[in-house]
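Everything below concerns the one structure shown next.
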């Protein structure tokens, strides 16, 4: 089903950790349409600023849930939504993870809020009998929200915190590197983490799909505000003339947000 | 109460040079792609025109990331005119525009008068293009950091040259980053513009205080959205007093009431850019709202309210409000 | 964690010409009365300076109402320099300033060079006044609708004349409503200014769509508040590259993070105006926040971060972000 | 007690009519300090716009309540406050009604949201044994919120609606005019209504105290954004040189918001 504007209603709002919100929404058509790795643009009630890009964290029955950090005025406004409030969501948007192969052994690396993009692919892979190992890192224990849902979904969960307050001390990529290579790597998190994942993928020759983030303008491909350099030969490169170095700028919102590590030229 | 029929009878059409738009709403250049990107969320048959992303003679990769920063009631952008260049554009992109159910306006940017002329001519030749908008608020390599639209002689030159290159309607898009917009507006009019688009973005920047460096890859960018609306309304109000050609008012329009401010200030049509990022249903809501509002006032066409609040200025002593 | 002592050790003082302020925060002219109005809500001993409401030679009743309109993340004002004139001011008002526990900066406005000189001289003579700010962004009757700060020759003339009239520190307040603020900044510097205040309000207006007329009694006004912050940060960034004298950055500062943007862009001190209407505790919060932030970075004084994010511009092609 | 910033907590929020909100606040010091006719500047949680001037509608025990119409973005933000939220209020501000005399027979005219400024003076006058007649008008019946509280306070209440849906059909000033003149008139409401009240006062030679409204900047006298022309001879005229016509501009927030009808030159 094509993306469209969904007029939805908030069912519940919960602060899962200081500054980390989970908003549960009644949105049957959206829930039915979503593909793992897709996102929505959540429209602000005040109408004074651009909509906010948020991963579709979970989707089941007629429910969709969003999991987000309060990082600025727009997410603060979304965090003020209460049960019963209406909320317009544009979506589902973007190309999700390519899960056609579903190899036997998949590793997923999630850093911080990146966790919001990987529940749906994890669940889909488990359903299709992949072994799924989740490597989940955050600054400290309190921010490791939602690990139970992954256990319930059938993932093997390894935790890492920068301050050592839970799981391994260090970056989630340290944990990933210390483990046996999988057949496929999925990752979502801050850019430095994704760069590290891409290096691990290259070194271990495991294909990696990275879910990127950037500050979005439109979220639908209309403004070219969210690009990332890719090889002009990549299937996701816009069919535009590339520069002398063979680089094109692809839109994260339209050609992504998921890219193969090897096509990126960042 | 206003009946649906009354609202339907209101004439919202507007004329820009020889071009008639069914609705007075134009999607701002650079904000609406080529229309295809938004066609899933908005009914293109219910908008007046799409102004395409600006095209240059040569392909441009655009600025480094980040290209967008959100600010209070607005956003900064520094895309840097990423576009495939006119050759590729004509060969691969333009054909797709034929089926759009609204007018299509090509936007031209350049770094010299020659570039403007070439791109204007080649774009305007194509039947898919109904009019040309000159984005003269973009970098002019000849004089450091200045833009054509910041210099009245340069504006005059580039508009005259583009005028000679096409008979299709010619819109000149003005920058607000000038001491007196009426000077540039008059130059553009006498050089042959059929309409003025007022305003492009306002120059601004933001700094990442944690990393102590500019947030935008390009350092400076253009501010758009509701934050700049008061600046844009004044620019339209002043330009409308200075010229006789129609003005397409834009800058922060997100609601019916915002749109009315621009018409009342003297705009014949409006541009909607950033509000599409807030909610792609805004343009349709505005058109519906306009029809209903005008019907409620017993007006038969949008032209009846154009400039109705433009009563001039108090007196010279009190002109500059920022004297505070 | 930053200890309270570390924060207390940080030197927040700043020098403007010969004047040393204990804190780098100045309350914007016209926004803070004479300080008395806010003394109930804020500790004046914890701010750097109050810039008084601008004074003119003759009394002025100011503009008709309404004088204020709220806009997205900002407000428009058109007060019109209501003030009792310099005679009355010196006789009845100025004495009350002696007991203020912070620096007092007189603001001078006028309609001719002669007026500026007279008011500057008479105000600066008084011991209650620590420095003079020239509000040259106010109406210049000699040339329709223009202001001194929009014309580099006029700026130069008025600043030179005021410079000759006093040896107290002289601050020149610049208007953002110009094509290139660096030209005016350089003129003001070479004419003898000790510091620049960047920026005054941005010209704008709003229309009452129900009554189809301008909202402000004066039609046009000045936009202030968070909406203009990106415009102000860029103006400071550019001016700081153009001159060597200190810059007092202002426009939409409402939080520690906002304040840091201005220091990092190149401001030596900051002005806080409209944010006092949001919450009069803002100036004190910013001072506390600055001390803690600097201590956290191991910095000993505010001067260490001034201009730290001012890395210049990308290149001429990509300078104008509004090329979009 | 002098005005200051009060850090308060919202106890309850209620929508009394479509777009009319009542917010009840725990604010002991403010409640104790308020004088009838004073107002507060309510600070917005987002911090992106100037505080909003609101009359202190009611004050008892450690409670203060605000009654306001949602007319724009700032009041919409205040209307989103929920029980438990914190709210900073600057006040009490301005000079209230002059109730020193408390004549035997007082008429109060309130139009629309003007009702928010007249409960406290009504109650004070009743306490001091004045007969208090309230003339209360609105566009239609639904907007005549809070009339019971005035009845409970001991006022005789006459209602008027423009559409005739309740009470007299017409303006509240029509109702006032049709009644026997009182010894003192208090009024709060839109400017055209206050002008009409001033005319009635002149004609019937009853002193009238008008509580004015304007768009405020600072609310504390610092910006000169809220002036009204007054006779230079008025005690509330700023001690500034007046113009040739003997007119001065007084600040509504500082010299007002209550002015004697005869001193206004509007």
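Letters A, B, C and D name the chains as they come in the text, with residue numbers starting at 1 for each one.
The criterion applied here is as follows: contacts are C-beta pairs under 8 Å (C-beta built on N, C-alpha and C of every residue); 3 or more make two chains touch, one makes a residue touch a chain.
These numbers were taken from a predicted model, which means no experiment stands behind them.
Undergrad: Go through the assembly and pull out the chains touching chain B as well as chain D.
TA: A, C
Undergrad: Which integer distance in Å separates the CA centroid of chain A from that of chain C?
TA: A distance of 44 Å separates the two centres.
Undergrad: Nearest whole angstrom, what separates the Cα centre of chain A from the Cα centre of chain B?
TA: Roughly 35 Å, centre to centre.
Undergrad: Suppose each chain is reduced to the average of its Cα coordinates; what separation in Å results between chain A and chain D?
TA: Here the centre of chain D sits 52 Å away from the centre of chain A.
Undergrad: Which chain B residues touch at least two other chains?
TA: 30, 69, 72-74, 77, 79, 225-226
Undergrad: Identify all positions of chain D at which a residue touches two or more other chains, and write them in rising order.
TA: 48, 73
Undergrad: Please categorise the chain-chain contact pattern as a line, ring, star, complete graph or other.
TA: Graph shape, chains as nodes and touching pairs as edges: a ring.
Undergrad: If we use the touch criterion from the header, which chain pairs count as touching?
TA: A-B, A-D, B-C, C-D
Undergrad: Residues of chain C touching chain B in their complex?
TA: 29-30, 54, 63-64, 69, 71-74, 76-81, 109, 111, 135, 137-139, 141, 144-147, 150, 175, 177-180, 200-209, 212-214, 216-223, 225-231, 233-234, 237, 252, 257, 260-261, 264-265, 305, 308-309, 311-314, 316-324
Undergrad: Spell out the part of chain D that touches chain C in their complex, as residue ranges.
TA: So the residues of chain D touching chain C come out as 2-5, 41, 43-44, 47-51, 72-74, 88, 90, 214-228, 239-241, 243, 247-249, 254.
Undergrad: Quick one: in the complex, what on chain D touches chain A?
TA: Chain D residues touching chain A: 46, 48, 73, 76-77, 80, 82.
Undergrad: Which stretch or stretches of chain B touch chain A in the complex?
TA: Those in contact with chain A are residues 30-33, 37-38, 40-41, 53, 59, 61-62, 65-70, 72-75, 77, 79, 82-85, 88, 92, 225-226, 254-255, 274, 276-281.
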